[in-house]
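Note that subunit A is present in both complexes that follow, paired respectively with subunit B and with subunit C.
What follows is the complex of A and B.
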């Protein structure tokens, strides 16, 4: 149905092009070539991202439960029902979503901040040449190179109450706690999650900042040294400002990755995360695939997407404005 | 410019066409055919110690089936953690196996999706009739008043496994029959420096199985007669609290078990680190972990008072595995013949022996292999004192919501926070609010 509606303009366009073709044979090809080359990417983008996204948005307006999953087209429309349920913060579903949203925001800010701090500190430190620098650099990248599942499941073992390495070190050896703590259940689970997330994320920051440092001309440092600037001053006045464009992208990417991270909490805690570490991604997974309420799950996903679009848009606007101001 | 517009229009058209077909793909409304009579795909649930172990058990039987019927069975053993999602995906896409295993507690939930072949009288007749199966096992094959969505394949029940040596060392002569005896014995065992009882505090399904039994013993149910969640009934609250109190108040379950979810409590028992274990058909598992069969005894799960029996003396859910046929199979006749083969007396004996389960087929139960003391306990439990978990469409949501509430309560107990009637009620209230309005 829709196909036929769109066929007409296609034919018009191609006949129009055909009519003009004999006059300037080479020109059309020259103009259309770049677009033709872009076409495969465009089609894949449509297939892989846009089509599922449209389907997801459609689903968010449907009452899609186990009664309809076999033929989801027949699920009754619920209008804005799923959205109302998701944002009704006085009712249990909305309240839980809001809670997990705040947990995620706190977790993301802390994780991104720490990743950036550790990554930058390590990169600046590794700028000086010294013996074993290559080896150390390679070691730094290990967490980034390990398969996520393997790494996180190893952490889960280390966080175990009775036989875990973490309690062994903190309690048995350093005597920092009066009894072994629980890390995978209860309130401490937030810190367990944060630890794994930072461990996993900072090497990426390190890698990107190291790359950024390569682009800072050495003359700047030499000049600063001649003017009597100390190490800290050089970092503050030269390194950090020069890294600005790199950092803008780095922080944005880390933010999006961390905010949407599903693997880490899922492997660490399973399908029902402790309340203190209930990240939005797992929460939505639970709404959709564990309680089989795909409609509400989709609505929550759309809300999350909107939030991330606003934040990302705002961030890009702010940083580009900042850059423009800096250029002037 | 024109060509750009043309390309864009083409792309949009294509995407809409794809979206339209994607919608169509969801509508797997086909109701079975016999288009490919020579092959079958079978998703078996992981029953044995490993997926490889399962293949070793099942392959010879599937070959036997092929020899007799000429139908080749493609086998895939699916781990429990993936099974429900795999079934869900297969339901949505319509691209699933022909025959599959489901946990019997999911029967009503999966029945609601309409993806499974209903076992009406006509279909039952093809496999020898409904009367061949034990009534308790049939009780968990779908919602009451509807044609079952599956037929029982293996039956299981919970029992109390106890370490004979630890009991003797603590001066206990027989396994506890009531919870207060269990707590008293537990304290004696603890005095010897051994952990009394194991639990899987972070495993949602395990939590559900135990609190269900406690609820039954308190004369309560998690659902009203018309299928509405009723988690905050004072009796339910009491029941859940009694179970968590085994850790919080009585301290016979060690705090560390609050984060167990990978059957660590079974390992603890097999290694002799712990005196008791409440588990379903653990023999094969204990054996694979090197515990010899004469090292432990099997007794019925304790009750509040007296001995297990009907009514409030329920001491196990009806556990087990059902076999279902995907409605849109391309080999309906073959699938039915395969179910008939797997539920035949001969196969029932072979398979249930291999998995230390009880045959849900009555005539196979009579085999002497299932009269050994350990299986006799399970058989008696199934016959007299087991009850089916709620057969409601939202059963899988119930497992998650209430299972999580119990997990959180165990976490509180482990952290030394008080578990009170109020805190239990609050958690259950939250669980109830998460249930879909049905």
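What follows is the complex of A and C.
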């Protein structure tokens, strides 16, 4: 960016400011400057998020199959056809989408719950200093730091039927199962996915809750101790309530990340996930890029977007913290 | 205020179990990467039948790992640098100026982060193809297209976090610099940026990790020459044999730099996340 660029007004905040501009030459520059600073971010957001979103909505009203992909503008309109197909729960496409939606909701609730529980417990237990705490803390961050695909590939190896660690431990060593189970196909795949998701996700909760704990003033604990409160009472009466604002943000972020997660199921199962672990994002990917029906895929995406908007909006309204975050 | 005995016992049990849960995959990755192929193809054993570094030599020739590595490095590096620079400007504008549309901007940018990547994938794929057809700029399949995509992934979070950081730098400091005749850009670079280094490091770490670990866009938007590690690692298992020992060796090679970097810089990331989430 050059200094001459700053002199070009991008937009004027008000006519009054423009009228005063000649008297104070720096004035106009001050008004346009913030917009210039924002320009790169704005252009990128437009190109990668906003324009594609509009295209996505347009696409969802078109009959967009592989024949039209080269020049998608010429694809015939289908009105609400794609939506009708997506929400016709008696027909195969709609039924599969509904199933996938319920799987995703169940998976997300369990995963977020477990991540939150484990992360909070670890953070609370490690609030006081003890020998080896630093080492343990670094270790606990490893799952978060590992690139998703290497972590998930390792878990995929552990879940292998013939040469995996999980079957070796459950069957050969502990004799808990009659015969080695399949983990990456069939009903067990749900638990395999959940395990990987929790393993990868809980350290984030740990990180955020640990940060939140640092903001609790020590005097609160001292006062409680003087009043004769025991360790557990201090945890229940001081630590957990003080974490409320942190938890409200944490749970929302975990929810959105888990609900939209594509990487974990995709690396674990490949392009088409088993029915029991068919998350919506992979489902839409498959509807679009495997069966080549981009119109239906887009309609499904828009429905997903509406659902997330409603849930997030409702959540933000319910939590006062959210209202503050929204006005930044 | 010694903790209660029940608390100490529960802590010991819980932390031991959790350590086991965290470490088992790490152990599997390390030990399997040192096993001969016959050992990883058969029944699992906790201890390798014989140690070998062969997988670490073979990974480079079984698939073009070095090329994937370079691609990932270029894509993630460029996305990180660009997203940090752009986020610094945007956050400075939001933190220091009042202007019309400020709220709309921050809310829009933040809310794009809640949408699933799959929502942008199809349209972006078409948009890149169309831009390519119309202008001859190859975005689809190129590293440039991927860089562009990735840098917006981390942008909303980076902007949000840096606004918090910049707000914590006293306004008097850069206003004094302005009075002394510095331009706004100079004030930003001389005063605000140095004071917000932890936040900027945190943002950079986050951006790099996001780009290094992304799978969805990498799997659709790359071709043979631009493929990144996220997609490239799957190539070890397309053959008749699945070279699990090589997959694990390659996974380790790919992970060690990121994990080491993260652990070194995690102080900053934690501080940054705190500023963002707790405030």
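We adopt the following convention: the second predicted complex is superposed on the first by the 296 of 328 C-alpha atoms of A that agree within 3 Å, B and C clash if a C-alpha of one lies under 4 Å from a C-alpha of the other, contacts with A are read in each partner's own complex, and residues count from 1 in each chain.
As a convention for this text, a residue touches a chain if its C-beta (ideal position, glycine included) is under 8 Å from a C-beta of that chain, and two chains touch if they have at least 3 such contacts.
Because the structure is predicted, anything quoted here is derived from the model rather than measured.
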Q.
Looking at A:291 after the superposition, I want to know if it touches subunit B, subunit C, both of them or none. Which is it: first, second, both, neither?
A. first
Q) Should A:69 be classified as contacting the first partner (subunit B), the second (subunit C), both, or neither? A) both
(Q) A:35 in the overlay: touching subunit B, subunit C, both, or neither? Say first, second, both or neither. (A) both
Q: Considering only touches as defined above, state whether A:149 meets subunit B (first), subunit C (second), both or neither.
A: second
(Q) So in the superposed three-chain picture, is A:128 touching just subunit B, just subunit C, both, or none of them (first/second/both/neither)? (A) second
(Q) Once chain A of both complexes is superposed, is A:51 in touch with subunit B (first), subunit C (second), both, or neither? (A) both
Q.
Looking at A:176, would you say it contacts subunit B, subunit C, both, or neither? Reply first, second, both or neither.
A. neither
Q) If you stack the two complexes on chain A, which partner ends up touching A:185: first (subunit B), second (subunit C), both, or neither? A) first
Q: Could you say whether A:93 touches subunit B, subunit C, both of them, or neither, answering first, second, both or neither?
A: first
Q) More residues of subunit A in touch with subunit C or with subunit B? A) C
Q) What residues on subunit A does subunit C touch that subunit B touches too? A) 3, 13, 31, 35, 42, 47, 50-51, 54-55, 69-70, 72, 162, 289
Q) So in the complex, which bits of subunit A are touching subunit C? A) 1, 3, 11, 13, 30-31, 33-35, 37-38, 40-42, 44-45, 47-56, 59, 69-70, 72, 118, 121-122, 125-126, 128, 136, 138-151, 153-155, 157-158, 162-165, 167-168, 172, 199, 207-208, 210-212, 214-215, 221-222, 225, 230-232, 235, 245-246, 249-250, 256, 259-260, 262-263, 266-267, 280-281, 284-285, 288-289, 294, 297-298, 301-302, 304-305, 308, 312, 326-328
Q: Provide the residue numbers of subunit C that touch subunit A in the complex, in ascending order.
A: 1, 3-4, 6-7, 10-11, 14-15, 18-19, 21-26, 28-29, 32, 40-45, 86-87, 89-90, 92-94, 96-97, 99-100, 102-103, 105-110, 112-124, 126-127, 129-130, 148-149, 151-152, 155, 159-160, 163, 183-185, 209, 212-216, 219-220, 229-230, 233-234, 244, 247-248, 251-252, 254-255, 258-259, 262-263, 266, 269-270, 273-274, 277-278
(Q) Using the touch definition from the top, list the residues of subunit B that touch subunit A in their complex. (A) 2-7, 9-20, 22-24, 26-29, 85, 88, 91-92, 94, 109-110, 112-115, 201-202, 204, 255-256, 258-259, 261, 393, 396-397, 400-401, 403-404, 407-408, 410-412, 414-415, 430, 433-434, 436
**Q.** In the complex, subunit A residues that touch subunit B
**A.** 2-3, 6-7, 9-10, 13-14, 16-17, 28, 31-32, 35-36, 39, 42-43, 46-47, 50-51, 54-55, 65-67, 69-74, 91-93, 96, 160-162, 182, 184-187, 270-272, 274-275, 286, 289-293
